[in-house]
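You will see two complexes here that share chain A, one where it goes with chain B and one where it goes with chain C.
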Partner chain A sequence: MAKLLPRKDVVIIGFGWTGAILAQELTDAGLDVLAIERGPWRDTATDFNIGYMPDELRYAIRKDLFLQPAQEAMTMRNHVSQTALPMRDYGSFLPGQGVGGAGVHWNGHTWRFWSSDFQLKSHLTERYGAGRLAGLQVEDWGVTYNEMESAYDRFEYLCGISGKAGNLKGKIQPGGNPFEDPRQREYPLPPMKMSYAPTMFAEATKGIGLHPFPTPSANLSESYVNPLGIAMGQCTYCGFCERFGCANYSKASAQTTILPVLMRKSNFEVRTECEVLKIDLDASGKKAKGVTYVDTSGVEWKQPADIVLVCAYALMNVRMLLLSGIGKPYNPKSGQGTIGRNYCYQTNAGARVYFDDKNFNPFIAAGALGQTVDDFNGDAFDHSALDFVGGAGINCIPTNGRPIGNRPTPPGTPRWGAEWKKATAQTYKSSFAFSSQGSSYAAQGNYLDLDPTYKDRFGRPLLRMTFDFPDNDIRMSHYVSDQMEKIAKALNPKQSTVGRLKKDWNSVPYQSTHNTGGAIMGADPTRSAVNRYLQSWDVSNVFVIGASAFPQNAGKNPTGTVGALAFWAADAIRNLYLRSPGPLVQA
Partner chain B sequence: MRNSPTLAFSRRRFLASAAALPILAFHSSAMARSISGALPWEPLAGEPPAPVNPLGWKFFTPEEAATIEAIVTRFIPADDLSPNGKDAGCAVFIDRQLAGSYGAGSRLYMEGPFRPGLPTQGYQGSLTPAGRYREALRALNDYVRKQNGNKNFVQLSGEEQDAVLKGMEEGHIDLKLAGGLNTKAFFELLLQNTMEGFFADPVYGGNRDMVSWKMLGFPGARYDYRDFIDKHNQPYPLGPVGIVSGSADWASKG
Partner chain C sequence: MKTLAASLVLLAALATPAVAGPQEFDHINAGYYQSILGDCQGCHTRPGGEPYAGGEPLETPFGKIVPPNITPDKETGIGNWTEAEFRSAMKEGIGKGGEHLYPAMPYPAYSKMTDGDIANLWAYMQTLKPVHRAVRANLLPFPFNIRLVMKGWNWINFKPQPFKADPSKSDEWNRGAYIVTGAGHCGTCHTPKTTLGADKDSEALMGASLAGWFAPNITNDKRLGIGNWSQDDIVAYLKTGRNAHSVASGPMAEAVENSTSRMSDADLKAIAVYLSGHAPSSQTAQPSPVSVSDPHMKAGQAIYQANCSACHSGDGKGEGQLFPPLAGNSIVMQSDAETLAHVTLAGTQAAYTKEAPTAPAMPSFAWRLDDQEVADVLTYVRNSWGNAAAPVAADAVRKVRAALHEGS
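Now for the complex of A and B:
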């Protein structure tokens, strides 16, 4: 029998970026907030120590900071006709765990989605006709870019994002991204200093009429004090960013931007190494009573709360709803049901250019230090004569020169032996990569549900992922690979390679930890799990916050939008829900 | 490694839970913590890895060790760029990895049923990484002995060893492995682990004297390049440092 604990105003499941933002906002509103996190407490000086953090084997290869499949695995298959089997190790994506979540070990690319992304279905239908969306299940978000603008601004100023505005109040700014929608003010910090490879990339792309700009970065170009009064340091370009915690206080995370203030509040508590088993509903099934969780000694506790915020990773948010019986599970055959619907990913391809006489010092790098061209992203270009919708950002962001993972050789080189070694030594400093990061649009057969066979250590079903790249997205990616060929040529290398994405998504090689959807936001309760305020349509005191709410994914990293959604939902709870608890939108 | 179950209840955890308002601390084995009203600070919290002592074998049998030493030497031969894989410590590195939490597969999901999978589903057998090595090295020497008049792998010439490795890599040689393991996948594991040993921080027993980092010009754990970020297309002047061993120059001066 689970033991009953005293009630809290708010219980938060998962203590990463969104959990920390919601906790900060709702404790400011005077609420008594408890966060429950299944991973350990982690902080910069004690856990991301400069003396041993630059250890590629431990953190990048053995994945020391990530969720272990032994704790929670998932099963996968490409099509409903196949039998899903567990990913016995995570490969294609690497979910985080522990205080700070995946925000500890991200690279820091911090984007805003565009107006056309938020109203994707109506925008594309209006511009190209409904027939163009055949085979896709794209949706509008139920919010607009203009509504989200101030939430983006707050996340960027919380983090100290380094970048150059491309559109200030409707006026296009030289040096920024001319395709972005209007922002009300500049980024809090100027762009980072550029290393050699992105500098060359910018010159070459400009030379063929494209519009390169510095990638907006959560690695800080200068020291910074954020609006909470928390000081952060200048990035040292160490090249140990993604998969690592930052030892310099120069990558934005819950640890570096929120926790020094939040943790001192008497109306906030975090319980670490406690795993929520389910959200408990009352007899009507319309109201959450709180959560049941288990601590590391195996004891179960019931934590009553007036509001339950689901702030785990996108995929775990969906699983928590399914395990708790909230909402109707999605059925891929009928297209009915909402939980697990519109699971999307990211559609990527890589390119590399090889030179004889250049030295790029690849180890002088940062997770988000680079240049992007958005000329072929989203709907920045006319698709009238093309056979797809969507697009990709083309990024030259050489994040590191860590040699276990980053030791390219020209095509045709053997993978071992004397010839391999000679080519490795010659190529290490004299080549660089760039890549396309493409949109991922929903299709009826791509979804999440509970696996019928495989269980976790508590006997609960694992999440089952059914996914393959839709044909539309493959065509999009190939079109962008064609553009990358032109960029490679403009760089005038000795040799180059440009990848072309294939069907049959493979769960083994790393691709992207940008899993989105499954508990999407929207205006129609039959096609979305949460309303425009991220409030469950089915259980009004449950809010589900994160990339799980994206109806489809854009050709951009999701964290900027995830952070903005956290502020957006916090505002809705503070300004609307607390005044009048109950559904904020009538179904 | 910090995730090893035997280290799960460390002194650090005990101090931490004792210091932090332990509403759950009446369960003596509880690691779960409640933290409120303060940003926790823990003395002596850092857990750098312990440097590997290169003497002896912790996992491999003598025959396995000799086979691995021969293989890593074919993968990484000695030349003017670096010493060979054996002298760089790659076999010792793999041995220590297999003897530890990596070899035991402590992070992997190892619940059944074990069913043959699609290529996109990854390895679906029941063997841990240590188990895969034990099975495959046995099968490799059985295969080589059968093909070569009872000579085992280390008794083959270098060219003959290369031919066997290439056959495994390209899928011409099937060692008929148990545990849902296929020969090509084991080859990939072997190559990956060898390269990990050659290029990882020397604290793990490979990359002795930072030989691979010197070969590439990778400065290791220097951590601050602000002075050099805008010096484009210029050679970085400083040699490598490791997380525990410091500079290779200091090490060679004893």
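Now for the complex of A and C:
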């Protein structure tokens, strides 16, 4: 029997980026807020200690900061006709856990989605006709870019993003991304100093008429004090970002941008190493009473709360709704139901160029230090004569030169032995990679639900993922690979390789931790799980915040939009819900 | 949101002046401010404990003394005291029963406080919540555990001295002097002690070793003190816990959090005026730096580059608001490297203040660097980028490491 605790105004499930932003905003509004996090407490000096943080074996190979399958596994398959099986280890994507969540070990690419991304269905239908969307299940978000602009701005200034505006109040700015939508002011910090490879990439792409610009980075180009008064340091270009916590207070995360202020507040508390089992509903099923969680001793607790915020990783948000019986599970055969609908991913391909006479010093690096061209992203280019929708950013971001993982060799090199050793020594400094990061558009057969067979250590069904790259996305990716061939040629290397994505998504090799959708936002309660304010259509005192709300994914990293959605939802709760608790949009 | 509404109602009820008229409120409020100037809570409250119900044992060279419960509890606190008895304790070091207090309670400094300030403080102390918590104050070994010994100590070391304003100086300077030498009791840590534990008045604020830290020289000595700080720098340090020269850590971080960051801007300015004019009684000649070709310097440089430079930067200039500069930093060049060894071995966290909430921390290197390596890197830091100070011996680091082990 679970023990009953004194109630709180707000309980937050998961304490990463969105949980920390919501906690900061709602404690400012005077509410008594509790965050429950199943992973450990982590802070910079003790857990990202400069003396041992650059330990590639521990963090990058053995994945010390990530969710382990013993805590929560998933089952996976490509098609409904198959039987999903649990993975032995996380591979294709690596969810975080612990305080700060995946925001601890991200690279720091911080994008805004475009106006056309937010109104994707109407935009594409208007431009190319409804027929072009056959086989896809794309949706509008229910919010517009203009509504989200100030929320993006707040996230960027919270983090100290280093970049160059491409469009200030409608005026195109030299050196920035000419395809972005208007921003009201510059980035808080100038771009990072470029290393050699992205510099060459920028020159070559400019030479063939493309529009390179510095990738907006949450690795800070200069020291910075954010609007909460929290100081951050200048990045040292050490190349230990992705899979690592930053030891230098130089990469934006909850730890470096929010927690120093939030943790001192008397109306905030976090309980770590406590796992929420489910959201408790009242007899009507329309109101959440709070949550049930279990601590490390196996003791169960009931935590009553007036508002429940689901702020875990996107996939776990969806599972929490399914386990709690909130909303109607999605049925891929009928297309009915909302929870688990529109699961999307990212559609990527890689390229590498090899030289004889260049030295790129790949160890001088940072997670988001590089150049991007967006000429083939989203709907920046005319798809009229093409057989797909969507696109990809092409990024030259040499994130690291770490000695275990970074061992490129040209095609034809043996996989081991003296020849391999010689090639790896020759190639380490004299080659570099660039890649496409493509949109992922929803299809009827791609979805999330609860596995009928496999259970976790508490006896709850595992999440089942059914996913393959839609044909549209494969055609998109191949088109972008063709563009990467042209860029590779313009770089004039000795040799080059350009990857071409294949069907049958494989859950083993790492691809991207950009899992989106499953509890999507929208204007129609029969096709979305949450309304435009990320409030559950079914249980009005539950808000579900994160990439789970993306109706489909753009060709960009999601964190910028996740952070903006967190501010957007916080504003809705502060300004609308607290005044009049109940549904903010009538179904 | 019912609870929220309820607690707002409750707050409104609490704010109603049920006990004190406006005049009395001013009196109490002024007393509260005296408690900030004196940082009473710093000693008399345990971490996480009830305010003023007794503190953590203080390590003195003579043994342990526990700061007592000074809430108005009649049995275990000072609920039965009179104002005159309180004044006598503050200014003469004599408790209610006529017993002699130990000067870990800085009554030699408090003897400079005016009776008016002490009366205000007393009025404030009366409003505290009484906490029933018995504290055995005296954990000293023989013969120091005999309080009468203090009578003799006082005869040698202590003469109550009311504060005397210096008419040749500005009001602001005098206010600063009153706080620094009186309620603020800065010399309790920063002034060297005689073998009997009394302040060496002739060496006031020239730096002293205390409980595992070296409280640095805060005279206007340019090399070892804060003579290169502007008055604005001093104010910024005391208010926010950091400035362009240094970051408060260790016991000073607590003093900033509990006391100086809550002082009025006018008082901080007054302290700055006083300290910036306070010359050391003597100056030691600048030593010549240890040669860069010294093997300890070479080893120290390699250790510095691998362990320290990412934050403190290769040229020792530090990083903005987070990591203090080591080049030209007087704390780095103190005669005693105890603080440096302590921080390198155990790590430390900067003060948290509203103006500078980051409270960045330096991690522990005790697990990674042995005594010789710590000594070498400190020798390097003390003798690079224009710094010059005596080299650090491995044995000095060993002692600090042993003391840390004992304390943990």
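One rule holds in what follows: the second predicted complex is superposed on the first by the 587 of 587 C-alpha atoms of A that agree within 3 Å, B and C clash if a C-alpha of one lies under 4 Å from a C-alpha of the other, contacts with A are read in each partner's own complex, and residues count from 1 in each chain.
FYI, a residue touches a chain if its C-beta (ideal position, glycine included) is under 8 Å from a C-beta of that chain, and two chains touch if they have at least 3 such contacts.
Since the structure is predicted, the reported quantities are computational estimates derived from the model, not experimental observations.
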item: Superposition on chain A - do chain B and chain C clash or fit; value: fit
item: Partner chain(s) touched by A:85 [first = chain B, second = chain C, both, neither]; value: first
item: Partner contacting more residues of chain A (chain B vs chain C); value: B
item: Chain B versus chain C as contact partner of A:494, first or second or both or neither; value: neither
item: Touched partner set for A:44, first chain B, second chain C, both or neither; value: second
item: Partner chain(s) touched by A:223 [first = chain B, second = chain C, both, neither]; value: second
item: Which superposed partner A:185 touches (first chain B, second chain C, both, neither); value: neither
item: Partner chain in contact with A:9 - chain B first, chain C second, else both or neither; value: second
item: Apex chain A: angle to the C-alpha centres of chain B and chain C, given in degrees as a multiple of 10; value: 80
item: Which of chain B and chain C A:358 touches, first, second, both or neither; value: first
item: Which superposed partner A:416 touches (first chain B, second chain C, both, neither); value: first
item: First, second, both or neither for A:503, with chain B first and chain C second; value: neither
item: Shortest CA-CA distance in Å separating chain B from chain C in the superposed model; value: 5
item: Contact residues of chain A, present in both the chain B and the chain C interface; value: 43, 45-46, 49-52, 234, 236, 238, 247-248, 260, 264
item: Touch list for chain A against partner chain C, complex; value: 7, 9, 30-32, 43-46, 49-52, 223, 225, 228-234, 236, 238, 247-249, 260-261, 264, 306, 578, 581
item: Of all residues in chain A, those that touch chain B in their complex; value: 41, 43, 45-47, 49-52, 54-58, 61-64, 68-70, 73, 76-78, 82-83, 85-89, 91, 193-196, 199, 234, 236-240, 247-248, 259-260, 263-266, 268-274, 295-297, 299, 358-361, 363-364, 401-404, 407, 415-418, 421-422, 424-425, 428-429, 453-455, 504-508
item: Interfacial residue positions of chain B with respect to chain A in the complex; value: 1-3, 16, 24, 27, 29-42, 45-49, 74-77, 79, 81-82, 102, 106-111, 113, 115, 117-124, 162, 165, 169, 191, 194-196, 199-201, 203-204, 212-213, 215-226, 228-230, 232-236, 243-244
item: Complex contacts: residues of chain C adjacent to chain A; value: 1, 3-4, 307, 310-311, 319-323, 347, 349, 352, 354-365, 367-368
